[in-house]
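Every chain is named by a letter (A, B and C) in the order it is written, and numbering of its residues begins at 1.
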Amino acid sequence: MEELKLQTERKTQLIDITDQVRDALNGGRGAALLVYVPHTTAAVTINEKIDPVLVEDLEHAFERVVGDDWGWRHDDKDGPNGPSHGRASVAGSQVLIPLRDGALALGRYQAGPKARSVYVSVLQ
Amino acid sequence: MEELKLQTERKTQLIDITDQVRDALNGGRGAALLVYVPHTTAAVTINEKIDPVLVEDLEHAFERVVGDDWGWRHDDKDGPNGPSHGRASVAGSQVLIPLRDGALALGRYQAGPKARSVYVSVLQ
Amino acid sequence: MEELKLQTERKTQLIDITDQVRDALNGGRGAALLVYVPHTTAAVTINEKIDPVLVEDLEHAFERVVGDDWGWRHDDKDGPNGPSHGRASVAGSQVLIPLRDGALALGRYQAGPKARSVYVSVLQ
């Protein structure tokens, strides 16, 4: 297991870690790569960052999927971060990406919304 | 890794791929089956389709969990598909289903909401 | 594969199963532990329960992420449980937790929101 270290700068910030994840794979052979976030106010998701505006859109969207104004009562030394806990559970603590020929089998940007693939891998 | 090919016909469409996933397993032995979607405007989830009305309810629900009218600015050659990117991150890019005796350990429809099982499997 | 048995008492109830999951691991050696819920009106997530108020906050939040009043039409012998199906797909049917030295590599409560780790593990 490799551990990546990150610094966040603000609430509800999407950070692209694709390169660090590729480096952590480092030629390791297997069927899939597990990327896991051991925090309950953070999460990991797979999306697109070609358009920087989409990254901002997605940050705003997560703040509406789980609203700041929903009457949260939780407060701790990190402050009233209940909404971040909620967003973490919606987005999820891990992604699992299949490996193909020793590399992440991530999709490429693909024009046309209708032709879709699904990858199926057996894990031991 | 097997690759399934699908065609979608409209936005926010749930397609049952259980049979294709079972075919892709094809007697493969292991602890779990990874089903992964390499698109950032599509996702995979496990739910129920016995009642066709529920399938429509769930499609409508995903369009409310992430709303079309949330001031999205992203636009590309597929059109202004920001909401689909958001729904993909909420639903998730993969499911991982334990295998039991070489078959998917999916639940059966079960009356009574109170008795619940959880399956725990170690992966190598 | 181990099977845990649980009883729920009410709708949208978070139940801490960490101890039962640890017991099910039972010294099993591997790279990750899969915790899977074979029900379509239940889900599994990783969050925090140090503050009991946060647990209630999260239950309320899931009832707003997917609303009871969204015009659900689905009804079966368990009653009109469409919203629970929707919440299950938002939260997800499984979590996959990396193992480190034979134990769950869960995070510890950590003050300061800015220093973040990500664990990366290759699965076979």
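Following the convention adopted for this analysis, contacts are C-beta pairs under 8 Å (C-beta built on N, C-alpha and C of every residue); 3 or more make two chains touch, one makes a residue touch a chain.
Just so you know, these numbers come straight off a predicted model, no measurement behind them.
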Legend entry - Copies chain B and chain C - rotation angle from C-alpha fit, nearest 5 degrees: 120
Legend entry - Residue-number overlap at the chain A/chain C interface, same or different (half cut): different
Legend entry - Distance from chain C to chain A - Cα centre to Cα centre, in angstrom: 17
Legend entry - Two or more partner chains touched - positions in chain B: 31-32, 65, 90, 92, 96, 123-124
Legend entry - In the complex with chain B, residue positions of chain C that touch it: 1-9, 11, 17, 20-21, 24-25, 28-42, 44, 65-67, 70-74, 76-78, 81-86, 88-90, 92-94, 96, 99, 123-124
Legend entry - Touch list for chain C against partner chain A, complex: 31-32, 45-48, 50-51, 53-54, 56-58, 60-62, 64-65, 90-92, 95-98, 100, 105-107, 110-124
